[in-house]
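Note that chain A is present in both complexes that follow, paired respectively with chain B and with chain C.
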Partner chain A sequence: MLSEVLPTALNGLVWAMSVFLVASGLTLIFGILHILNFSHGGFVMIGAYLAFTVTNRVPGTASVAAFLGIAVACAAAVGAMGLVVDRVVFRRLKGVDDSYSLVATYALLLLCEGAVKSGWGGNFLSMSPPEGLGGALFVGDLFVPSYALFVIAAGVAVYLALDLWLHRTASGRILKSVALDPWMASLLGINVTAIFTVAVVAGFALAGLAGGLLAPNQSLSPALGGTYIIQAFGVIIVGGIGNVRGAFLAAVLLGLVDAFGTVYVPEFPGIFFFVAVAVIILFRPQGLLSGIR
Partner chain B sequence: MPHPPQSRSFGVLTPLVAGLVLAAFATLPFWAEKGLVFLAGIVLVQIVFALSFNLMFGLTGLVSFGQAAFFAAGAYASAWMARSAPGLPFILSIAFGAAVGAALSFLIGLVALRRASGIYFAILTLALGQLIYTVIGKTTALGREDGLIGIARPVLDFGLFRVDLATGDRYYFLLVVAAAIISGALWWVWHGSLGRILAAIRQEPERVRFLGVDVRRHRENAFLISGTMTALAGALMAPWSQIITPMIAHWSYSALPILFCLLGGSARFWGPAVGAIVFAGLEHGTRNMTGMAELVVGGALLLVVLAMPGGILGTLARLSGRLAREGAR
Partner chain C sequence: MHFNRRDAIKVFGAGLAAGAIAAPAVARAQSAPYKLGFISALSGPSEPLGRPMLMGAEIAVEEINAAGGINGRRLELAVRDSKAKPDVATVATRELVGEGCNMLLGTVSSAVALAISGMLQQENAILITCAAHSMRLTHENFNRNYFRITDNPFMRQGAQAKLMAELHPDVPAWGGLIPDHEYGRSTWEAFKYGLNRFYPKIANRTPEIADPIFTQYGGSDYRNYVASAMRSKARGMFVSLYGGDAVTLFQQARPYGFFEKKSPIVDSANEFIVARAMRAETPDMWVGSHWYFGAFKGNPINDRLYAAYVARTGDTFPDGFLSEGHAAVMAYAAALKKTGGDASTPAVIDALSGLTFDSATGPRTIRAEDHQAIKPVVQYRLRGAKTPEGFEVVDFRVVPGAEVIEPPTPGAPVQW
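After this line comes the complex of A and B, so read on.
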């Protein structure tokens, strides 16, 4: 019995943490700016392609330390792109209708896809996990790829770091106060525009980090940006949009629902994710946890 | 509010330009190459798709991000029917496609409009649309990921004589006529009592509710009409492209009418049609350059959304208004 349940649960958790890595930056930006950033998946994709290129071009980058270093560098690079996007696009989207910001950022996703197609071509590329994460462990009878464990650990680590930042540090509390009431925060002498920029850069850096960490997990193609964003949308809406804790919970919940659903109804893989999202929005439109936490 | 409350009218210019565009579409096979005629047929279907979508988006402000599900429902249902019952008159297989789309949009509208609004409505319709996309891609009777291929163009039987739409450009002319009729019907709904009540709801939902109007019922009706007409567009496309794949149910296909509406201007009835034509021109012009299509379309879209909030028609109206004021001075 347990030998059937455990691999499925593991699959669900790997999916959950991959999507949480993508969704964390998305929900952070929505929590502060109230912009649902359609291009987020596109910037995850750019992070993954950057990691692919650096790993293949620079010799001696096969170790786990180099892999982590490259992921952080991707985070910095994509964070810098976030600075530009904030200046050029997001500042003009304040106070416009949701559908407008959705389409403006969808246009950004198209730009990301165009950039990836002209830079790397439309073919599928793939990279292997670093040495030390390429193998597998046996826990009892259970076959566990080390890279799967790494993705789960990375997801939990990013969640803990974000949670600590938002709840236990001064800058995190300032961020939350701006999310709650930007006008009041500005009266208290907080530079609200600068905080908005911090949130956008942090959100984009999280996208770049997710791209760098997840690059070995899949075939890279220009369609990658659109694939992840839909799952991430579901996760942040179910979690309570803008809420990092909620996104983490929702990712685990939806990952497990989808993994077990696919085992029991193998004719329609992936269907249970959408069923669960639809049902939860219907009965709890505000999500599992609401507000920024 | 994203939409100007009262949009400036172009007066006699609108029917004039609409007539010219219709004439250009109708005479296209006589002066354009075959590839362009095929593209024009697709654009005609997309115009109907976008005009139907805008009945919901432009008049209620609600973004349905699963509209492609209705398009695919119409296309798949009619193609499946035509294949299962080859002797069935064409009009009945089309009607079957529209009926399936109507049933689906009735159910989704009933569920989605009851609870969700704003961004939640968009994501809920997106999730339900992706659900239908996944189901189509895994259903053997609908060809799984490969879709349905070799969809025949029908023969119209008028009793006294028969018209084989497979020869020449005949199916294209049917598309022109059908698109004109459906657009006319949508124009009538947009400017009729339902359209005006919806426009009032968009501006002041509370006040309209106080007047005794059932706000949700009207939104459900708009969603139903919008979904049914979208399914009709899908049913018309299947024999034209002769192949349909699950991609027409994918969320990126649902994004198309939203792009057309914002590009052309969603506050005006003909805005989405202008957007569809301009979009097709942009894509056609950049089709041979890898990655260029996305860069040009994305860039143009970003420019329109950031700098021209009323879309192309809204900006033209503002410019013509300014010209008129200066002329009067």
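After this line comes the complex of A and C, so read on.
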């Protein structure tokens, strides 16, 4: 029994942390700017394709350190794209109806898909984990792929870093104050526009980082932008939109529900995530936690 | 009424004038090209399947036109993108019919094929599908205007089960990783039926078939499905996940030692799609295909098609969709020759029913009863290798279609 429960829980956590890595930037941007960025998955995809290209073109990138370095470089590159998107698109969306944000960010998603198709083609691609993460560890009878453990560790590390930044640093507190009341923050001398830009760049950098770290997790194709995005939206809605702690909690909860549902009720694969989201929203429409935290 | 000479001259003059106007129109009709409507996924996740299908159709049209056309008339292709979505496909079908294309071909997705098939009689059009595998198309949902130029799951998975009974009589325990949709379930039904049919005959033993593991469609994480498969007693594993889902599954399965513990692996239909993505990491497996150029060397149509593909793309491993787009055009060409140039829907349907025509896989016959093509079923064994492509074909087998085809029961479900 235990030999079935532990691997299932572990696989649930891998799913949870991979979705959290994608959802973290999405919820951060919504928490500060109140823009639901439908193009987020597209920028995760660009991060993954950049990691694929660098790994395949640059010799000596097979180590874990190089893999991490490439993921950070992808974060920087996609963060820079966030700077452009903020200037060109997001600043024009302030104070307009939500439907404009939806159309604008969906158009950005199409742009991402088109760019990937032009740059890398429409065929499926794949990337192996770095040397040292391709195998598996044995903990007693428990068999754990090293890369799966790495994804869990990466998700927890990103969560802790974000949580520390938002709650324990001055810049994080300023960010939260702008999210809560930008007008009052501007009266206190805070450059609200600059803070918005910081949030967008951080959100996009998180998308690039997620793409770089998760590139070996699944196939790459111009449809990758949509692969995680439904789950990521589910996680941020259940967690409380804009709440990083809530997103982390929701990812773990939904990951475990989906994993145990898949194993113990195999006739309905993939349905438990949606059932859990629906049930939680029914009883807590504001999400598990609310507000930016 | 008195009809004098002056009236006669008037009538004659009017006749001459009408003739002068009508004659070029008649000449145009006689020399106007035959228009074929191609409809398939040319964007979105199924684009890598639809594009080679289109290329195959284009190569066939070019070849036929270069040889003088059909009955002295050229072929012309009008192309529409279905995006693999039934609603988009039905709109595109009406557009093509409105442009005068009553002869349609293409489609990757069964859902698209079923949607178009349902409107063919109303639109007075014909559809030859090149890849859609739903058994319903030639059974429950059969209609006279629909034709399938390629094999179906009964044939494909039956041939795969037969091959496994021949090559691995010592592996009677089988399981499956099956996507939870109609195509996935019908491939499993067909493979299971094939195991029960061929293992007792060929391996002289009854197969032990585990319950299949149904997987999510379009998922990002298949580890729990892999873990369930690892716990199963089945040694042989049939996998009918497709495209990116299959790549993700195989990627995530590798660290579990899946390919060491589960052997042989039978892949239902991924052609070279998985191998092109995974390269050296490609697992050793038998793959079902519409066509493998290496299996039909010496067939002039095969050799010309392969050479044209390499010249256009530089790639040396075309997917089988190429030959199916090509074959659908060849079928229409043969049918138009048979009708003597009559391109009306009833005439072409009559000509296609029971037609035998030549293709890259050799002669194919379209069964008159249910419009299912009897064509060879192709399988090859693939694995990762240190080649420029990153993989190699180790072996291949061709099973004559007549050996594995189901009895025709148009209008009724297939009898498993």
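Definition applied: the second predicted complex is superposed on the first by the 293 of 293 C-alpha atoms of A that agree within 3 Å, B and C clash if a C-alpha of one lies under 4 Å from a C-alpha of the other, contacts with A are read in each partner's own complex, and residues count from 1 in each chain.
Convention: contacts are C-beta pairs under 8 Å (C-beta built on N, C-alpha and C of every residue); 3 or more make two chains touch, one makes a residue touch a chain.
Remember, it's a predicted structure, so these values are computed and weren't measured experimentally.
Partners chain B and chain C, once the complexes are superposed on chain A, run into each other and clash. Contact with both chain B and chain C is seen for A:Gly270 once the two complexes are overlaid on the shared chain. Using the contact criterion defined above for the overlaid structures, shared-chain residue A:Ser99 touches chain B, although it does not reach chain C. Of the two partner chains, chain B is the only one touched by A:Ala107; chain C is not. Looking at the shared chain after the overlay, A:Val89 reaches chain B, while chain C stays out of its contact range. Once the two complexes are laid over each other on the shared chain, residue contacts for A:Ala259 go to chain C alone; chain B is not touched.
After overlaying the two complexes on the shared chain, residue contacts for A:Thr8 are found with chain C alone; chain B is out of touch. When both complexes are overlaid on chain A, the residue A:Asp141 reaches neither chain B nor chain C. Of the two partner chains placed by the overlay, chain B and chain C both lie in contact with A:Gly122. Residues common to the contacts of chain A with chain B and with chain C across the two structures: 122, 222, 267, 269-270. On the chain B side of its complex with chain A, the touching residues are 1-2, 57, 61, 63, 111, 114-116, 118-120, 122-124, 126-128, 130-131, 134-135, 138, 251-252, 255, 258-259, 262, 290-299, 301-302, 305-306, 309.
Of all the residues in chain A, the ones that touch chain B in their complex are 36, 89, 92, 96-100, 102-104, 106-111, 113-119, 121-122, 222, 226, 230, 233-234, 237, 241, 267-271, 274-275, 277-278, 281-283, 285.
For chain C in complex with chain A, the touching residues are 44-45, 47-48, 51, 180, 213-221, 223-225, 227-228, 231, 243-245, 247-248, 251-252, 254-257, 273-274, 276-279, 281.
Residues 4, 7-8, 11-12, 14-15, 18-19, 122-126, 128, 134-136, 143, 145-148, 216-223, 227-228, 231, 259, 262-263, 266-267, 269-270 of chain A are the ones touching chain C in the complex.
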